[in-house]
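Dropping the structures in below, format is structure tokens.
There are two complexes below, and they share subunit A, which is joined by subunit B in the first and by subunit C in the second.
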Partner chain A sequence: MPRWLAAGREVAPLNATPPALVICVKDLQQELKTRESFTAAFFFALLVQLVFSFAFDFQSLGLGFQDVGAGVLWITLTFSSILSLQNSFVIEREKNCLAALALCPCDPSSVFLGKFLANLIFVLAVQAFVLPISALFFGYDLAAVALPLSLVVVVNAAGFSALGTLFAAISVRTRRSELLLPLLLFPAATPVVIWGVKATRLCLAGRGLEAYEYLVGLSACFGAIFAVAGVLLFDYVLEE
Partner chain B sequence: MSAPSLVSTRNLEFRFGARPVLRGLNLDLHRGESLAVFGSNGAGKTTLLRILATLLRPTGGEAFLDEVPLSARAQRSHLRRRIGFLSHQSMLYERLTARQNLHFYARMYGVDNRARRCAELLEMVELGGREDDPVEEFSKGMQQRLALARALVHDPELVLLDEPFSGLDPRASSRLGTLLQDLPRRGKAVLFTSHHLEMGLGVAHRVAILSGGSFAFDSPRESTSLEGLVAAYASLAGRGA
Partner chain C sequence: MERLDPMLRTIELVLFPVVAVLMVACLYCIFCVVPNEVTMGAVQRIFYFHVPSAWVAFLGFFVVFVASTLYLTTRQLVWDTLAHAAAELGVLFCAIVLLSGPIWARPAWGTWWTWEARLTTTLVLELVFVAYLVLRSQAESRDQAARLAAVVGIVGFLDVPLIYFSVKLWRGHHPIVFKSGGGEGLEPAMLKTFMLCMFTFTLFFSLLLALRFRLGLLQEDLAEIKDREMSPGA
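Here is the complex of A and B:
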């Protein structure tokens, strides 16, 4: 029988806060104290937007933001997310807190879910600042596409965070984790980034949801697969 | 003693690659009993504690808590609830305050009356006035004391402490010594490693020297003199490590 099936899955008592939520709140509490990752990710995202706004003169090329803007947004999201993903497990490695988490009497999947949730909230918080700034730089009407764009960003960010959380945990015990994480994550995340770019392009072009709902669906499936993989495999990831 | 051991090992083995660290180690520790384990660097003290804490899996033999194998995955959460582990590293979040750290671990262990329990522990380790300071502002000794509070937050039955006296000033060492004597009185089994022979002998019920991957010396305190222990350590420590 596979180990994950043999393992006893413990459920938190009804009166207790679910461990995943406890871990998520702890991570956000730490980030709120220092704002290290948020500041770094935000300014990194800002710089990327700034560089792109100067590098491409859309109007003289006869292009609208909807033609290349999706790529710009997803390059920004992808690279800025790496900062938080890396930090989420580096803080656990610092004083061997990862071992303390592994010793807690909860299902290891709770650790994955807590970290995933905190990473997702962080990525979305950065995007909440980046999207209005990109609208300012590139002069598109964010209000007109806010809702469908939010859906695309949330679904794809969830997929990216699920995969990233799993890979960040795998790479954190290695000596060059900061190098290994992008090397593992970027190739594996290519599908969700491509679907995100395509869906965002259609969204920015003012097309209805029916034009890109299959892309959002694919991204949701991608996220669900890696979230389930994280839940099932995290026991092995935490083990020394 | 006729009562069953709380924690026991049978022919416990552990290898790092090809290098054997523990070789056929047998141990029995009862409720209300404390054991100080001495040994040179690399003798396997930390490895033994990590196996008993369920962080490492032995490559041979088995360790038991109340006769339940520690490798039993289905029981692991239940077993872990009964074990408190103080590591070399503090396992504390440096950006969070002392109180936030204890509350976090108390929540993770599902401790009832968290606020009261955390306040008691902070008083016990004499950090009562510093509970809202970030851990990164604490000295090494203060972090060690808070780490001890963290290890005890869920009132474990088996307390495993890896060099608990390291980084503590004489006063804090003395307080810890008192605590290590008090825990067995409350029915806990305590196993700690140390390089301080005198301190270890002064507080533990039994002393043991880990050498060559197993206990080369294991003796009750009352039949062990400090001179005898020092002589045994000098002849045994480092042998076959």
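Here is the complex of A and C:
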């Protein structure tokens, strides 16, 4: 190892990685060890699809995935995300880890960013499994629209997770956190769900990116607004 | 608190008779002065209460936003009490909008409800602030309720234009009830009555806000006294 690099390591062993990344990696490692949250979210997503196929009876009604896929996808995504968002703070409540997080020698906004990043990766990981399975269930050629669809899902999931992370941190502080998070998050996340469904529908119908790029842009703005709001307000949420 | 209480009492004493007289005047104008609307008929008169309620509900949510911001910057619980009072009134008037709307829509549009931008936004907004009130009731302590509710109050208000814009993109246009500028415009008696109703409802809201605010302050005093009696040594 070159001398200057070694010297640098001695001076700043911890400060080298941003604290947000440390928190994100911590969450992901914990999830990799237990796989609690992933298993629950994944099977829950599958169950939602099962209920869908009973509820709408696609085959006898002759509905294709391009007709209903956008709706199926977004209901699955929002419902299963609620589980993981909830869990990302409920695990911190045990043994009062929330207090430890609040005492971290870093800016509270780093805790928000770390949690947000971990939640986003998590939601996307679940979708990476659920989407192909749903395409299989409903007989749809996903490969043709895989790239634009991933863009739509990533941008909208980011918006949903930004607001969701802030609200999950709020609801975990209350007596009935499971009850409160969907109540808070679903109405407030209406814009991102509407834009997401609309963009996904156009995408599944095989339209070009120019048909829905404004929707993706709007969702990106939504994500940016609430990520900034989270960074600015998280201090008050974390406070004891 | 010592300074606020007499001030709020004065506001109430002044506003109560004014609002009472104006409200009777409004009802008189609505039912006896304004002519029937040509296409919609008598049911259009609901609008003299419907639109002012909507305006007052939005005003309430704006007060929540301002009071929440002030609470987070000053950390004085008075602001939180004000935000709580305004949120309750906002939810109340929003409910009036959501109830009076369908009564008008049924004869005018032929349907109780339609998924249209303004209707949907009002409904979503009502749900956001109902969640705000539930959050307050679920918090573990007074300070925590204030802090968490303030964050939701701010985020909820930031969300309003986004929700409206998104729903507008999702669903088409709202039939314009009061034309703004151009065309025939509004019958002068209608416009005057409408303005009177807007003014009266704004005062009515202020009166209710003052009452609810003072009630909140009294509740806090009571809680403090109870606390003191529970722990006499402290």
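Basically, the second predicted complex is superposed on the first by the 218 of 240 C-alpha atoms of A that agree within 3 Å, B and C clash if a C-alpha of one lies under 4 Å from a C-alpha of the other, contacts with A are read in each partner's own complex, and residues count from 1 in each chain.
Following the convention adopted for this analysis, contacts are C-beta pairs under 8 Å (C-beta built on N, C-alpha and C of every residue); 3 or more make two chains touch, one makes a residue touch a chain.
The structure displayed is predicted, hence computed values, not measured ones.
Of the two partner chains placed by superposition, A:Thr200 touches none, neither subunit B nor subunit C.
Once chain A of one complex is fitted onto chain A of the other, the partner contacts of A:Thr17 are limited to subunit B, with no touch recorded for subunit C. Of the two partner chains placed around the shared chain by superposition, subunit B is the only one that A:Ala102 touches, whereas subunit C remains out of contact. Contacts of A:Gln29 after superposition on the shared chain: subunit B is touched, whereas subunit C is not. In the superposed pair of complexes, A:Gln127 makes contact with neither subunit B nor subunit C.
Within the superposed three-chain model, A:Glu94 lies in touch with subunit B and out of touch with subunit C [touch as defined at top]. With the contact threshold set out at the top, residues 239 of subunit A are in contact with subunit B in one structure and with subunit C in the other. Taken together, the subunit A residues at the contact with subunit C in this complex read 163, 166-167, 170-171, 173-176, 179-180, 183-184, 186-188, 190-192, 194-195, 198, 215, 218, 222, 225-226, 229, 233, 236-237, 239. Put simply, subunit C touches subunit A in their complex at residues 72, 124-125, 127-128, 130-131, 134-135, 138-140, 144, 147-148, 150-152, 154-156, 158-159, 162-163, 165-167, 169-170. Contact residues on subunit A toward subunit B in their complex (touch as defined above): 3, 6-8, 10, 12-13, 16-17, 19, 22-23, 26, 29-30, 33-34, 91, 94-97, 99-107, 239-240.
Within the complex formed with subunit A, the subunit B residues making contact are 50, 53-57, 73-78, 80-81, 83, 85, 87-96, 100, 104-105, 107-110, 134, 150.
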